[in-house]
Every structure is written in structure tokens, then in C-alpha cells.
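Which chain is which? They are A, B, C and D, in the order written, and residues in each are numbered from 1.
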Amino acid sequence: MASAIKKIGVFTSGGDSPGMNAAIRAVVRTCAYLKVECVGIYRGYEGMMEGDFKVMDARSVNNIINKGGTILKSARCLPFRTKEGRQVAYDQLKKAGIDAFVVIGGDGSFTGALTFNKEFDFPVIGIPGTIDNDIFGTTYTLGFDTALNTAVECIDKIRDTASSHNRLFFVEVMGRDVGHIALNAGVGAGAEEILIPEENLGLERLLESLKRSKQSGKSSSIVVVAEGDKTGKNVFELKEYVEEHLPIYDVRVSVLGHMQRGGAPSCFDRVLASRMGVKAVEALLEGKTNLMVGIQDNTITLTPISKAIKGHTKIDKELMRVSDIMTT
Amino acid sequence: MASAIKKIGVFTSGGDSPGMNAAIRAVVRTCAYLKVECVGIYRGYEGMMEGDFKVMDARSVNNIINKGGTILKSARCLPFRTKEGRQVAYDQLKKAGIDAFVVIGGDGSFTGALTFNKEFDFPVIGIPGTIDNDIFGTTYTLGFDTALNTAVECIDKIRDTASSHNRLFFVEVMGRDVGHIALNAGVGAGAEEILIPEENLGLERLLESLKRSKQSGKSSSIVVVAEGDKTGKNVFELKEYVEEHLPIYDVRVSVLGHMQRGGAPSCFDRVLASRMGVKAVEALLEGKTNLMVGIQDNTITLTPISKAIKGHTKIDKELMRVSDIMTT
Amino acid sequence: MASAIKKIGVFTSGGDSPGMNAAIRAVVRTCAYLKVECVGIYRGYEGMMEGDFKVMDARSVNNIINKGGTILKSARCLPFRTKEGRQVAYDQLKKAGIDAFVVIGGDGSFTGALTFNKEFDFPVIGIPGTIDNDIFGTTYTLGFDTALNTAVECIDKIRDTASSHNRLFFVEVMGRDVGHIALNAGVGAGAEEILIPEENLGLERLLESLKRSKQSGKSSSIVVVAEGDKTGKNVFELKEYVEEHLPIYDVRVSVLGHMQRGGAPSCFDRVLASRMGVKAVEALLEGKTNLMVGIQDNTITLTPISKAIKGHTKIDKELMRVSDIMTT
Amino acid sequence: MASAIKKIGVFTSGGDSPGMNAAIRAVVRTCAYLKVECVGIYRGYEGMMEGDFKVMDARSVNNIINKGGTILKSARCLPFRTKEGRQVAYDQLKKAGIDAFVVIGGDGSFTGALTFNKEFDFPVIGIPGTIDNDIFGTTYTLGFDTALNTAVECIDKIRDTASSHNRLFFVEVMGRDVGHIALNAGVGAGAEEILIPEENLGLERLLESLKRSKQSGKSSSIVVVAEGDKTGKNVFELKEYVEEHLPIYDVRVSVLGHMQRGGAPSCFDRVLASRMGVKAVEALLEGKTNLMVGIQDNTITLTPISKAIKGHTKIDKELMRVSDIMTT
């Protein structure tokens, strides 16, 4: 029964992403609007086990929609992976009168939520908060759009200095297992080549592409490389490889790193977070559980978490082709 | 026959929007990739009538993907609305050997293209370039995403000073006939109220909402107003009205204006422009005409221009509800 | 004696400016470092009269160095201009055990502080926080640098759309009595002409300049206008005037407005605020009073407030000449 | 005689810095204003030796004031360090009728200019273009202010994620021999500790400082490290060292790298570049040589290049003290 839920917990878990605060705000405000109590749980499952809770009213989330990071903090929590750990967490939630929770995070966090639900029949709804865009059941995860803007703004700056010196830059962006950031930021930044974890284009092709780029009279070249690219070489090794095999280039390396996770969220991520937050609370109050809020075809949807974490997002073949054509 | 097309013209028309340059680049590079000649037409239909053309190769669009505005310039052109004007334009195109064109612009520009096609059986494909997001057949028009980011960044700054002085601001954003910018930027900026052309919420409701906001202890209030909002009052008149009827506020006004059209495009708009540009050229080469490239459910689509300009985009009711809930 | 001061109040007053939070942080942290108590006074003299105080320790100013606005809020306060009002304020300060204060604001706020010192022999030190840069005794006021960056970023965006349409824009920037923002932002944005309160260049010269600009083949023109420019016409009237007398231009207007006061402070303003805050507290503890902290030749200085508010900053003639040369 | 100079060359040399384009524009426009010819020399001394010249009129520098990098490109040139190389360059200049040049660069570029002047009695004036701020005779070099803003904006983003996870970050900023960027960006970003090349504070102090920071309840810590810091450890080694000796922290590393050189220049750098460019041309026309344009006490000055490259800039002790106090 919807009416059974009187108090909803909300927390962020795993790596932070821009828009998490906007999602927290949306969950809190929707609870206030629907006259349900809302409790912030600090540091994800870690804080849940410690009972690190704080009642949140509508005003407690003033002026956070535009802030990066998460006011509820985040953490990875090993003990929660044990049955004992989860029991401790459950006891804390019960003690605080929390009937259900909204977890904002990635697939690791969702897996925890699913197990928790199974063991304690506790209603859980997930909001996909990760810059990697690697969750099935949503076209966009929260923070992906902002991370792309951060990456292209950085690469635009690198392009300035690359052009001034006719240099080649290898720019590493985030993405251990998926290349969505690399592919989109690469196309957005006009990269000559994009190396991703999903596909090994081979080092030969890279050399060919760079040779052609030089011949075509381009004043600079940017190669965007995902952390987990399949060539088996990181950006520093790629630099050495190209310097050895194609000594026509002055090569530099830049690793964008953690700044991709921070910063004020884009309008897109703020709006997405607001819509997702509303839906998450409404779903819980309608008696739903084990679902993840997503956006598909500009409509807010619900997908079983079990599918979201097992399904695979695929790299966009059409966009890879667009990338190829653009480097003409 | 696709093979009939040897030379494609490309131009921007109507109000400029961020991403137009990225779209021009994509059209030019796709032509180069597919070994078709590409000609840039300056100042839209005006330059077409004057034969203000320039052959564009792949290198001529280097380093423009991140630039606002349009390197091909834009203009509104009255003479093209006459049969004589269009005949002049057609003669210029024929003289230059141009077989087809890609028009990047809004519904006015598309209407011109459609008439032109009808009269001269000239293949035309449209790319929706406008910040207003008011074209049917695409979830996003080119420049909308960037304009939203510009608007929320400005309102974030205004919020700083509004909060410091406990003030109420009426912020006018673009949108004469549609409220998409107002609604999305309003939700993204955490506005207390959003006034749009599609719906008249009434001044009573505005006063109520502002009164409630003050009582709830908020330190500042932002009301986002589309240029064409239905209250019948512009932001300056709204200020006076509130000062008279609700003298508890220190009210200020800000009109964001033309800066919403400029600036480096967001990654989203750059990627969208690249995808659309590829599709536009491919469609022409496949013998298609009178179609507009769009994006729907993250897939690049083609819609008859006749539908695109006649169909109406509707304001997102769900998002209006989200906005209501967020102002709790 | 320095040792007499045990508790220092700090507040912001008048129009807010970026860097005020960084200055508050610096005052609070310096007090903590030197083992003096620090009390935040809300809403300037208004909060002082109401005893709206809050003890501030080093941690209370975490993560505010990069925030626009002022966490202590600001206000203009008429009652403080009366002897009775100041007596009320003095009683509140005494009741709270506050021995001295640091006022962050402009000349109006400084005048109040000076009067207050005279009447109650109360130690006061000022930090010049205003975007206008109109305080004598400091090369830079806090917030000026950030406001300039905000203004040129906006004008860069306007330039994008102006160039695309070969338009002329009149852009109004802040500055009722002084033209420092207009002159510097105008030079920084590459404006064709800059209209300021200090000098009336005349409308004839404006027309001449615009005519020459058009003839020279420029694709767009920006005229930066201070709020209080001496032509006697505001930007809307200037638009009409030019449309009438020089109908070769498509003219538009943009009023940048309050966003110039907000936003994350530049590094320059953050460093300046930090240096000024340290000096302000140290000066008080050394028994000094009625002084304003300033920066001259990259050195932190102290100037009698009486001089700071009476002295006039002059418009930089050399920079006006540079502006002239740049519009060649 | 001033009148002897009819044609002035201008080039950028060494590492690029934001504001170089604004300086080129100012040199070109001042030449146009004073009716002297101006020639752009591509790729510094390399292009000079190759005669890679282009006549530049006022319009050729339209819309570059806000662009990062340098449209004239830059390079380091070994052959110019030989007498033979310089003779080749001289011959090229003479052949092109160039009478004098303005070199925009750092101390390496200035040393070349000085030698060149000595050998060929060729008038040279320098503009200090480097983000490092390590040139004697000017309070600010061109690009320093922009690089600081870029650095603090990046660190602000890193702070978001650091705070969300209670992490410690070592952030490397540029500065092999001087710590001006590290010190200013460190203070601006609210860093807990700043490691610079000029002074070895010792690893013990670092551990103490971090321990104290943790105890004081801070939610995150940022240590800003100049490339050439004196601890003898780079950021990756510092991470390991702290993880070993102070295992209370979850440590991460970020190397900001080349993006610090790029991006649109700040208003400060644009105005500075404009002022410096005017002065450089005027100095040449007044018959001066071997001088560097600088800014001191907000006044444009001329300093013998011989002093500029030999003198040492010193780290600002007062600012180091401010940094200490701020980390209370």
C-alpha cells in the first residue's frame, strides 16, 4: 500500500556526479509536497549502518540545485556487502522509522539496494547518478551531460595551445569500462581519433589517421582516450609509441581526471534530476519497488533495477561513424 | 537519383543559434568524405540571391565546432518571399552548379525552402537551428541546450545577489511564442514561478506563490518570464504590479536578451549538430528532399518539413508539475 | 592597546560584490589564527541594530571562498543614519561584547562607520567591497575584476550573434557615477565605442565612429555604455538615435544588469580578499582605526577612510587612448 | 630617429599564453593607427628564419582579442641560437623591409632578441607573454591572470568531489622554477598546503598540516603543488608518501597540465595586452630598443630587457603568510 510509507530515506552512493544535489533536492521537496517525511542518510550505506541520519525539510535543500558534489556525501562501503552489515543497516532504518529509500548512484549501489530489498522486503527506488552513462534503461544518467561539457571545455583550452604549437595531444577522459564520455566528448571537441574500451581500432589505424591528419594540413591533433581503452596502452605509452613510430609530431599528454566529476550541473542535468526525484518518490508512494527511474524518448520511465544493472549499454555505432566522417 | 547531386549548398538563416557552425562543419566534412562538392552560401537567402558563395573544403571549417554564431552569417530576407526573388536565387544556384541545399534555421527558413522546392523541384533538407525548441519532429533543436545553460548560469549569478539582499527578481528569457526556454531554465535555476506564453496562470496565483515563498523562509525569489508570457505584462510591469500588491518584496528586473543566442555550444549541441549534418547530406545523396533532420529517442530521424512547420510543440505538462512541486 | 580587542565583528554592507565571502572568510580565519573571537553581523547596519549576530569559528567559513554574494547578507539601512539608530547599534555591539568591527562595503558604508567611530570611539576598519572600483586609496576594489570578466564573457556572446547578423549592439554595464567597468570591459571586449559618466564624447563622435567602423569592413559593432553615461541618453534612446541618424545599422540593445554582481569570484578577487582580510584584523589588533585596507603597487596598504570616501578616482586617460587606438 | 621605422614585425615565441592574440591585435592596430606597416612573423624565430611573413592590417586581427593561443603560432627554435641562424633571420627581415620587431614571449625569447639587437643593431621591444609571471620588471605577465582563473576553476571542481568523499587531493599546477601560479591559485582555491620551487617546507610540515586539517573537521583537503616543488617528490610520490605515513586519508592526484595555457583570456589580460601593445609600438617609433614593456603600480613601464631576464622575481612572503593563516 502506498499509504504504508510515512518516511523516506535518500542517499548518494559510489562516485559522485553533478546533479546529485539537484536529485536530493527533488526527493526532499517532493516528500514535503506530498506530506511524507524525508530523511537524509549520510555517506551512503556506510552512514546507513551508523545511523548517520538527518531529517530534511523543504528549506534544508535551498540553493543546492546548482552545486556539484553531494551534500549527503558519498562512500563505498564494504561491510554492507555482508549479510551482517545489511542487518545493522536495516536495524538503523527501522529505529529511525524509515520505510523506504531512494538510492542515487551507479550499478554497484543498485546491486546493494536489490539485495537489501530481497532480504528485508524494504521498498527501494534507484536514480542513476554517474557520469559514465553506463546504466541500462535510461538514455542519460545524471551527471553525464555536465561531465561532457567539462571535458570539451578543457579540450577546447588544450586545442588553443596545441594549435599554437602544431602539437598532438593525447587527452585521457574518464571511462574504465565504457567509452560514452570519450566518444561524445571526442566528437564534441573535434578529436582526430577516439580510443574506447568497447572496440580496439588498433595502433596501426591510429598511426594512419594521424599521418593523414598531418598531411591534410591540420594545425593540431587531439586524440581522446578513455581510461580503459582497448589498445592496451595508456596515454603516456601512446605518446611514446607515436613519438617512436611517427616522429613528425611533437606529442603531449593531458589527463583530465577527477574534475570531470565536479562543477555546477548543466541545465539538462538539473532538469533531469528534478524530474527523476519526483518520479522516485511517487513510485515509492504508489507501492512500487526495485525500480530505477530513467529517461527514454524524453519521458520519465521505470525499469526493473535487475535489468538496469545486468543490461549492457552499447557504444553508439552511428556516432562512431559520425566521428570518422568528421575527421575527414 | 542520388548520383545526380554533385554540389551541395549550405547556409544558415533566421536568428542564429549555438551549434550552427558545428552543423556547417558537419555538412562540409560529410560532403568532403563522400566526394561531393560543398558551397557555403552567405547570409541565407539574401546571399543566395546575390550569389555570395564560397567553395568549402574540409579544412575551411577547422576550429569552428566550438564557436558561437555562424561563419556563413545569417539574415532575414524579404525579397525571397516573392516569386521573382526566388527566381533570382534559383538562377544564382544554377549558375554556380549547385544541385541541392541544406538549410539550417527555424520554421520561417523552412517555409522558404519548401516553396523553393515546389517551384523549382530543387532538393532541400532542413536542420532545425534555433534556441526556441519550437520545431515539430525533433526533441531538441540546435542551440536549445546551450541557451538553457547560458540562462541558468546567468540566473545563478542573479541568485547570488538576490539571496544577499533577500530580493525578488523577474528574469526575462527568450521565447515569444513558446515557453520551452523559460520552463526548462526556470526548473534548472530553481525559480519560484515560471510565466510562459502557453498558459496564463494568472497574476493572483503569482502573488499567492510569492507570498508563500516569503512565508516559507526563502532568502530570495526568482520568477522566470518568457518574452511572450500570457499575463499580458512584461517584466517591468510585473515588477510594478508586485510592488503595488505585495509590498513585502524588494523587486528587481533582469532581461537576459541576446546573449542567450551566443557562446560556445555545449557538447550536446556539438554532437547533435555533427549527427544532423551527416544525415542531411546523406539524405540529399539518397535522393530525398523536403525533409527535416531531427532527433527523437536519441535516434536521428527525418520528418517532412511540411509537418515540422505546421505541427505544434507542446509545453511539457509533466515538467510544469515538477516545477510546481519543486517550489514547495 | 591592541590587547584591548577581544571580539571583532564583521559584516557586509551596501551592494554585494564577488569576493565578499572570501573577505569574510579571511577575517574569520585571521581572528581564529590570532585567538580573537569573531562575530558575524547579518544584513549590515540593519542586523547590527537588531543584534542579529552569530559567533564564527574557522570552520564556519568552509567552502565559501568561491561563492558569490555574501553569507552575512547585505542591506541598506536608513535608521543607522540617525544618531538614535547608531546608539541602538552600539548598545547591541556592547551587549555582545564586540570591541571593533570590519566593514566590507563601499563609500556609503564607510561613511557610516566613520560617524560611528566618532560618536562612540569604536575601532573600525574598512575593506572596499564594490564592483565599481570607485574608492580612493586602492587600485582595485573587491569584485571589480570578477565583474569585468562577467561583462566581457557576456559581450563575447553578444558579439557572436552581432557578427552573424552584422549588427550594432548597445550594451549597458553597471556604473552610475564612474566608468571603470565600462572602460575596462569595453577595451576587453573590443568595443567600438565606450560611453562613460566622466566625459561626454558627444553623439556626433559616436555617429562618426560608427560610420567609420562600418566603412572599415567590420562585421559587427559593440558600444559599451555605463549606466550613468554623459550623453544624456540611455541605451534604448541611443538605439533610436542611431537608427534615425545612421540607418545603415540594424541596432539591438542589451542591459547586463545585476548578474554583474554575482558569480564565483576570480582568483584575483579571492587572493585580494584574503590579503585584505588578514590586514584588516591585524590593523585592529595593532590599535588602528578609521582606516581602509587597499592594494597599491601590489602591496597591501592602509588609507584613512576619510580620504577614501572623499578622494575621487579618475578615469584612466591612457586607457581611453588605448581604446581609441584599438578601434582603428 | 623614430621616422626611420616604416615596418614593424611582430611575433610570439616560446610557450603560448592567453592574451598573446590580444597583444598581437594591439600591435597591429597601433601600427595602423600610426600609419606604420605591420608584418606578422609566424612561428617565432623559426618563421623569421624562413621568411614566413604576412602583412597585417587592422582588419586582419578582428575577433581575436578573446581567443586563446596565438594566431601567429609559436615555436622554440634552436638554430636561432647560432650566429648563422640569426644571420639568416636578419637577411629575411631586411628582404621584407622590416625595420624593428616586437617579441611577445618569455625570457628565452627575450635573450634571443637581445643578442639579435647586439649583432645587427636591430630595434627590439619585448612584451612579457608567459603564464609563469617570472619576468622582472612587471608585476603581471600576460596570461598569468587567466591561468590562475583556469586553475582555481578546476580546483573548485575537484573540491566538489573531494568534499563528497572526504578526500585529499594533490593538484599539480604549472611552474618548473617559480611558484607564483601555485601560491596564488592555492590561496584562491583555499588549499590546505602549497608546495613551491622557491622553498622547501619539508614533508614533516606537510604531514603535520594534513593531520591538523583532518582534526579540525575539514571535509576535504587540497594540496597545490608546483611542477618544480622543492620536496623532491612529484604529486604521485607525494600521494604514496602520505598514504604510507598518514593512512587516515583517501588520496587522489590531479595534474592540471596544458589546459592552463589555453582558454579565452580574462578581461585583465586583454586590457593588459592592449596597453602593452600600444606602448611597444610607440617605444619603437620613439627610437627606443632593448626594452620590455611591463606594468607596475597600474602604470605601463619600460625596463631594459637585460634587467628583465637577469632579475629574479621573488615569491611573495606576505602571501605565503596569508596562506598559512587561511588554513587555520
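Operating definition for what follows: a residue touches a chain if its C-beta (ideal position, glycine included) is under 8 Å from a C-beta of that chain, and two chains touch if they have at least 3 such contacts.
For each chain, UniProt lists the protein as follows: A, B, C, D = ATP-dependent 6-phosphofructokinase.
On a predicted model such as this, the values are computed, not experimentally measured, just so you know.
Each chain gets a centre from the mean of its Cα atoms; for subunit A and subunit D, those two points are 35 Å apart.
With each centre defined as the average position of its C-alpha atoms, the distance from subunit A to subunit C rounds to 39 Å. Here the CA centre of subunit A is 28 Å from the CA centre of subunit B. For subunit A, the set of residues touching two or more other chains reads 156, 159, 163, 219.
Chain-to-chain contact here is organised cyclically: the chains close a single ring, every chain touching exactly two others. Taken pair by pair, the chains that touch are A-B, A-D, B-C, C-D. Residues 12, 15-16, 18, 20, 67-70, 73-75, 150, 154, 156-166, 169, 219, 252-255, 257-263 of subunit C touch subunit B in their complex. Taken in their complex, subunit C has these residues touching subunit D: 25-26, 29-30, 32-33, 58-59, 62-63, 65-66, 139, 145, 148-149, 151-153, 156, 159, 163, 184-185, 187-190, 216-219, 264, 266-268, 270-271, 274-275, 278, 296-298, 300, 318-319, 321-322, 325-328.
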